[in-house]
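In what comes next, chain A is part of two complexes: it sits with chain B in the first one and with chain C in the second one.
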Partner chain A sequence: MAKISILSGKGGTGKTFASTNLVRVLPNATYIDCDIEEPNGRIFLNPIIEDISDVYTKVPLIDDNRCERCGICSKVCRFGALINLGREILILDHLCHSCEACYEMCPMNAITMANRKIGEISTGVSRGIDFIEGRLNPGEPSGVPIIKQINILIKSIELSIVDSPPGTSCSVVNTIEDSDLCILVTEPTPFGLHDLKLAVELVKEMDIPMAVIINKSGSDNQIIYNYCMKNDIKVLMEIPYDKKIAELYSRGTLIAEADSTYEKMFVDLAEKILELIENEAAGNSEW
Partner chain B sequence: MKQLAIVSGKGGTGKTTIATAISSILNNKVMADCDVEAADLNILLKGKKIKASNFKGKEIAAIEYSECNYCGICEDVCRFDAIKDIKVNPYKCEGCGLCTLKCPLDAIKMKWVETGEIVVLEIENGQLCEAQLSPGADGSGKLVTEVRKMAISIGEEPEWIIIDGPPGIGCPVIASITGVDAVLVVVEPTLSGFEDMQRVIDVIKDIGCKIFVCINKWDINFRVSQNIMSFCESRGIPVAGKIYYDEQVINALKETKGISEFNDSDAYKEIVRMWEYIEKHI
Partner chain C sequence: MRVAISSTGTDIDSIVDERFGRARYFIIVDTETGEHEAIDNEAYQLSGGAGAKTAQMIIEKGSEAVISSNIGPNAMDVMEKAGIRVYRAYNMSVKEAVDLFNKGLLQEILQPTSKGHHGGI
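Presenting the complex of A and B:
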């Protein structure tokens, strides 16, 4: 079992590009889209979806016959999701964190927890590659419950390539948790570097081994290399700035399928990654 | 005072580049970088820091071990698996306080923790407010709201507040667009960009404000650009700008300069034209 997460800090640096091409050339890998706010892997892998399951969070439901409007539920809720109007208790589903404090503390046992759908998890196959995708419904504030559910599936998957959301917040933390390796995709610009540093800080804090891919590589790669060298982080691959890539990407085509030179680059990347994972498993702290 | 938020759904489509250009056009404004997980606007605006404050955006459980008899009830009741071996994992604790209510010895208290830093900077003809979320922290939506409050309070009756928003469609995006006068959606004509744009427009429509679309790198895929145009037409959303792919933008970014410093570039001219349109139709 191995879990490899692809993340970036900055949005639009090529996480999905790298993970979909990588999974195409890696034997027996499963592609997992945890960028639940904007899942795009599907556009490139065109999977045949075999199953869609709804993801729910739990929200309180009040039995009016039992409720005496004492307001304890609204007092214990630290998220402001329950408001005591006197006549009734108003429930604001979007603010609820499903902590169940109201359910636990209601003296009248008037609260049950009911399911509320926030998104779904699709599973399928894309020409031999297993495919899993989490998708948050628009208007929902947090997709973390979807990511947590996907993490349960990952536990029984041989080799997971996990496409992470951008940023450095709780959804990224939940996505990369228990990864064997994090691959950080960056661009050789001051913006790419700035956001790479934030991502590195997070991965370090979580004590996960990491390596870097430079996308849209060019004459300014040195700013990334200098930083990586200083921090003892390996650079596994440089993907050149190439208009051909941009064109194929815009149409939803995988470069590893359309161009043998790039296919070879991703095969090399896959080999390097497998080697790193093996070294790590053997306790070789080569990084 | 009017507020405009710039969002995109998909990351890396040019929000910050366009925000910087708009900033150069406006004489009396406050810029608010609400991408608090990766705030990049100041790399281009190069403001001078005038104020910084820590933001305590979250409460987490803190066990007072001198009072604790290690009974483990807190572990059992926590719905987030945030307590293991009578230790609180700050990343997992959501701050609900159920453990404090259930602890028979009253040995757990809630403590405010820092989740980020808010900074105010002096820029040309105005101010910039930005924040950096502590890596791994949650509550990025709350931090966005704080940045926006700061942006409103700091300026001297600014004509405009321009919000450079985060990618995605979740909590920080909702916090960035709530209560604004208009949202500008920046999209690149790729299949992913188009799909993400539709998802973010669904969210904006829930909030109900004026929407403008800007197609950046308009010419990299004409077919997708056409599809975006038809989509916008069918939804009654004006396409305010069409920016052609322009090498000068890339060169400017490499030198960490705003595109406004290349003011004869096609990209900058188009952004100026787009801004005139937005001001007129907002």
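Presenting the complex of A and C:
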């Protein structure tokens, strides 16, 4: 069992590009889209969806017969999800973070926690590749429950390639949890470097081995190399800033399928990654 | 009538705060007597739900109307359910806003003026 997470800090650096092409050339890998706010791996993999299951979060439900409108629930809610109007308690579902403080603190035991659907998990197959995708409904404050559920599925998957959301917040923390390796995709720009640093700090904090891919590689690569060298992080691959990539990508085509040079680049990447994971498993973390 | 005005400062000559949930202060004015008090809006720096929390405070203060420049969907929802009307004032002092309100010259806000802002978690 191995879990490889692809993240970046900055959005638009090529997480989905790298993950979908990587999964294509890896034998027996499962593609897992945890970029729940905008899961778009399916555009490139075109999976046949076999099952869709709903994901729920807990929200308070008030028994009007028991509630005495004391407003304690409203006071303890940090998120403004319960408002005491005097004659009734108004619940703003979409502000609720399911912390259950209201449920715990209600002196009348008038609150129960009910299910509310926040998104779904689709599973399917894309030309021999198993496919899993989490999708959060628009306007929802947190997709973490979806990611946690996907993490349970990952536990029984041989080799998972996990496409992470951008940034370094809760959804990313939960996505990369228990990874054997994190691949950080960056671009040689000041923005790319800035957000790479944030991602590196997070991954270090979580004590996960990591390596970097430079996408849209060009004359400014040195800023990434300097940083990686200083921090002992291996650069696994440079993907050139190539119009051909952009053209194929905009048509939803996997470049590892359409172009043999790029296919070879991703095959090399896959080999390096598998090697890193084996070394790590053998307790040799000198890379 | 007790009216709550979002304010950038604590006195009646302060400029109306353009934001509702993130307003630094509210000045509650009794339009009959002219008496007023300034309230520190504790919700202004919440990561999320500031509009709803502010609305709760306005209800607790017994206000019957609100004056601000903008209001988001959560606060508007609460105001509607609480039967509190919202009026728009922009780029003027709290005192001027109350004068215009008393003359019936402020426009009522019936729809949220912004889509709301997402707080972090």
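Everything below uses one rule, namely that the second predicted complex is superposed on the first by the 287 of 287 C-alpha atoms of A that agree within 3 Å, B and C clash if a C-alpha of one lies under 4 Å from a C-alpha of the other, contacts with A are read in each partner's own complex, and residues count from 1 in each chain.
Just so it is clear, contacts are C-beta pairs under 8 Å (C-beta built on N, C-alpha and C of every residue); 3 or more make two chains touch, one makes a residue touch a chain.
Owing to the predicted nature of the structure, the values given are computational and were not obtained by experimental measurement.
Asks: Which partner chains sit in contact with A:Pro166 here, chain B, chain C, both or neither? Use first/second/both/neither.
Replies: first
Asks: Mind working out whether A:Lys264 is in touch with chain B, chain C, both or neither, as first, second, both or neither?
Replies: After superposition on chain A, A:Lys264 lies in contact with neither partner.
Asks: Could you tell me if A:Lys244 is touching chain B, chain C, both of them or neither one (first, second, both, neither)?
Replies: neither
Asks: Let me test your reading of the model: by the given contact rule, A:Asp220 touches which partner, first (chain B), second (chain C), both or neither?
Replies: Touch status of A:Asp220: first partner only.
Asks: For A:Pro141, decide between first (touching chain B), second (touching chain C), both and neither.
Replies: In the superposed model, A:Pro141 contacts both chain B and chain C.
Asks: Return the chain, chain B or chain C, that is in touch with more residues of chain A.
Replies: Of chain B and chain C, the partner in contact with more residues of chain A is B.
Asks: Determine, under the contact definition given at the top, whether A:Lys117 touches first (chain B), second (chain C), both, or neither.
Replies: In the superposition, A:Lys117 touches no partner, neither chain B nor chain C.
Asks: For A:Gly80, decide between first (touching chain B), second (touching chain C), both and neither.
Replies: second
Asks: Answer with first, second, both or neither: which of chain B and chain C does A:Leu95 touch in the superposed model?
Replies: second
Asks: Which parts of chain A are touched by chain B and by chain C alike?
Replies: 78-79, 97, 141-142, 169-170
Asks: Given the complex with chain A, which residues does chain B contribute to the contact?
Replies: 9-13, 16, 37-38, 40, 43, 59, 77, 79-80, 91, 94-98, 101-102, 110, 132-133, 135-138, 140-141, 166-174, 188-192, 195-196, 199-200, 202-203, 206, 220-221, 224, 253-254, 256
Asks: Sort out for me which residues of chain C touch chain A in the complex.
Replies: 43, 46, 48-53, 55-56, 59-60, 74, 77-78, 81-82, 118-121
Asks: For the complex, give me every residue of chain A touching chain B.
Replies: Listed in rising order, the residues of chain A that touch chain B are 9-13, 16, 37-38, 40, 43, 76, 78-79, 97-101, 104-105, 136, 138-143, 165-173, 189-191, 194-195, 198-199, 201-202, 205-206, 220, 246-247, 249-252.
Asks: Where on chain A is chain C touching in the complex?
Replies: 74, 77-81, 83-86, 90, 92, 95, 97, 141-142, 169-170
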